Amino acid sequence: MIDKQVPDAAAAVAGIPDGATVMIGGFGRAGQPVELIDALIASGARELTIVNNNAGNGDTGLAALLAAGQVRKIVCSFPRQSDSWVFDGLYRAGEIELELVPQGNLAERIRAAGAGIGAFFSPTGVGTLLAEGKEEREIDGRRYVLEYPIRADFALISAYRADRWGNLVYRETARNFGPIMATAATTTIVQVDEVVGLGHLDPETVVTPGIFVDRVVAVGERPWLRDGAFVGGVDLEGSPLAASAEEAS
Amino acid sequence: MIDKQVPDAAAAVAGIPDGATVMIGGFGRAGQPVELIDALIASGARELTIVNNNAGNGDTGLAALLAAGQVRKIVCSFPRQSDSWVFDGLYRAGEIELELVPQGNLAERIRAAGAGIGAFFSPTGVGTLLAEGKEEREIDGRRYVLEYPIRADFALISAYRADRWGNLVYRETARNFGPIMATAATTTIVQVDEVVGLGHLDPETVVTPGIFVDRVVAVGERPWLRDGAFVGGVDLEGSPLAASAEEAS
Amino acid sequence: MTTRISRNDLAARIAADIPEGAVVNLGIGAPTLVANFLPEGEEILLHTENGLLGMGPAPQAGAVDPDLINAGKQAVTALPGAAYFHHADSFAMMRGGHLDVCVLGAFQVSQNGDLANWSTGEPGAIPAVGGAMDLAIGAKDVYVMTDLLTKSGEPKLVETCAYPLTGVGCVSRVYTDHAIFDVTPDGFVVRELFGDNTVASLEAALGLSLTPKD
Amino acid sequence: MTTRISRNDLAARIAADIPEGAVVNLGIGAPTLVANFLPEGEEILLHTENGLLGMGPAPQAGAVDPDLINAGKQAVTALPGAAYFHHADSFAMMRGGHLDVCVLGAFQVSQNGDLANWSTGEPGAIPAVGGAMDLAIGAKDVYVMTDLLTKSGEPKLVETCAYPLTGVGCVSRVYTDHAIFDVTPDGFVVRELFGDNTVASLEAALGLSLTPKD
């Protein structure tokens, strides 16, 4: 029997060594695998290279990993945000290396790694600082730069539901980088709200087939999904959401 | 109001000129847009370049389009099948040009066209006849050949259900080339069993977002799907299916 | 000083140029205002590059869903007919030229259509590009929404961008608080003047030679 | 003549080497027989490149669904836990090295692991490659299932392939009716001998120098 479930987040991130390259899913807070990141912090792995669209928000999740001094380098498209003070401080102190990649090239380079593409010509970034030193070519009258795959040793992603084969479905825009990161890492580790029985996911709607998934951990339903009401969660700034009308009344 | 529905298959294929490049979805018979092909035959457009995985089966669909003498060239991975006698005859008579592409390169080149990729390095076909004359490069110790996008003027595909915005879901392995061909053509034309109301397709399960679709025509439920039973259809060779156990009793 | 229209009026002016059925990406910042002025009852599809086509307005207070956000990481909703997809598919949609219009802010636009909107190149600044470079090359028409001049009075329409580029020759039209300009092989063509602006007054303000619309 | 095992016995022998949990693609023709011998009660996932992972056996007569076929265009079923995907995703799965094993037929395999299985190069033949070249480079282990000799007695394990190649240096193991061979930097290593076959008898039949398993 194939069963990719592990009992808890600590078991899920077991074996991530110092110096590993780790993709972390999410776009801002949406889809960020917070429980896995917390377990990675607790594991104490250091000198990590992190691939994520951003560089952490507030003081939790990816930001906490940075604050713990475990990250040597970050590959991302948009580190600077209103709530990226942890990264900002490390960067200005020269304590973290940054590789800035346009968001679409970041996504396509991750896909290329998973799809066995050796390199590809992208029109994004042509003639800009971020294409300096890259091979350029004109094809059919348009200029392109050559971009290489981005691979990782581990991917930590968040999905909505899984089965024991590792098939995944996501929720709304929390899907973002999860499906492509799952394909681009040697070991893909997924936290989900819930593991459902084999056959309970419609095969037409599976977004990530289990072939790309190595470990699954159920972390429980997020508070804001309880009973379909957004209670007990945090807003986009990380502040507690106002109590719902019913609770307030 | 956006409404991509057209009244019939003839309206759906209107305006396909002589000499056009037309992608046709399907893998063998699965997902082959037979009603659209029949309308294309009736339209009389000639000197077409067809992109399809195969080169027609039996005497219907794509094979009938070939038999009508409307196709100048076919780009495919697997023309020779047990029931490809129409293509075989034309090819041996020198009446049709063939460009043979390994199936995965065919799929990835179609995707590249839709995704704005100028060219990509593929490991498939390296060192074979089908890579002769192509640019080769070693990247990280592996050999690759440079492959270019395949675009089309029109794509004719078959999906299961659509809404009036052109969002599509497919059915089982009839999905095959539909989603990528939809992205790679200037005008994408889709036949579906049924058009459902806007909002009736779950946004998590839409496979082809409407942005890729120009015209939708409902051709009615295929007989073999009636009441969820496979009755009245044809088998993979085009022969009538045996009556189901219930009907036979 | 010549007439300047408000940012909301400019957003409304841009919205009026977007035809029904268009698929549109509105960049972070001022361009998001355009959504407020899209004509009621017309169907225009909004794309957000973090994986949603058919984006709707902000949710009711108390109904914020942290899984459903736009590229600016603000809470949004999804309309009936929406579709979700992953980041590679979303940027393929953009890079492949499937979007009709995107509206972006700018630090500078050059007369050959170069766009600078991601970095002022200040030493010590933390660089961040996000999807700007993909958006710049990723729509059939790239509209820029900007003031004509910086707060200190420097022209934002220039002969050559001094700031680091976002994209080369990518801008098709510039909507400013004074006038609307098309980017053409002959440089900026004045498409529409607001209030008492004239081609001459704009040329004086910009220090550029402009072409009147024929 | 030395011992030859039957095609079904060979399929069973291959099936016995596939561990539980493996993701496997069985090429068109004889390799599909392997599915019949996968151990009951163990979960091995079958991939078919036309867009299905978790392929099940042939349907009951009368329950053929023309939308649900394998790469050989035969009717199949989908198991609970299956997933459908489009052709680019399916071949990305393969090309990206995510399949554990694929089993392919062959016209010839060379001692450096080159595979020829798509064309005999006959003049006038209609070429067709399908997914053969993608499969050849698209699994962690590429197993070939073949007779040791052609019907006319020519070796199919050769120093250099005479037929057009499908892939270069891609084969990891060859299962034949006489013996099993690993492809190594030192050429063919005899992994297992069936019946009364010996390294010497195989060397004589093939006209090749073989390495015994140490």
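All chains are identified by letter, namely A, B, C and D, in their written order; residue positions are counted from 1 within each chain.
By our rule, a residue touches a chain if its C-beta (ideal position, glycine included) is under 8 Å from a C-beta of that chain, and two chains touch if they have at least 3 such contacts.
What you see is a predicted model; the values in this text were computed from it and never measured.
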Touch-network distance, subunit C to subunit D, counted in steps: 2
Given subunit B and subunit D, the chains that contact each of them: A
Farthest chain (mean CA position) relative to subunit D: C
Separation of subunit B from subunit C, taking each centre as the mean of its C-alpha atoms, in whole Å: 36
Whole-Å gap between the CA centroids of subunit A and subunit C: 28
Residue list for subunit C, restricted to those that touch at least two other chains: 78, 84-85, 92, 94-95, 138
Touching two or more other chains - residue numbers and ranges from subunit B: 108, 111, 115-117, 122-123, 170-172, 204
Chain contact graph, described as a line, ring, star, complete graph or other shape: other
Pairs of chains in contact (touch as defined earlier), listed by label: A-B, A-C, A-D, B-C, B-D
Interfacial residue positions of subunit C with respect to subunit B in the complex: 20-21, 23, 43, 45, 47, 53-54, 78, 80-85, 92-99, 138
Parts of subunit A lying in touch with subunit C, wherever the complex brings them together: 27-31, 53, 77-81, 87-88, 91-92, 98, 100-108, 110-111, 122-130, 143, 170-180, 207, 222, 224, 230, 233-236, 241-242, 244-245
Subunit B residues touching subunit A - in the complex, by the definition given at the top: 108, 112, 115-123, 137, 139-140, 142, 144, 148, 169-172, 202, 204-205
Subunit C contact footprint on subunit B (complex, rising order): 1-2, 111, 113-117, 163, 165, 167, 183, 198-199, 201, 203-204, 206, 209-212
Of subunit D, residues touching subunit B in the complex: 48-52, 61-70, 73-75, 78, 84-88, 90-92, 94-95, 114, 119, 124, 126-134, 137-138, 164-168
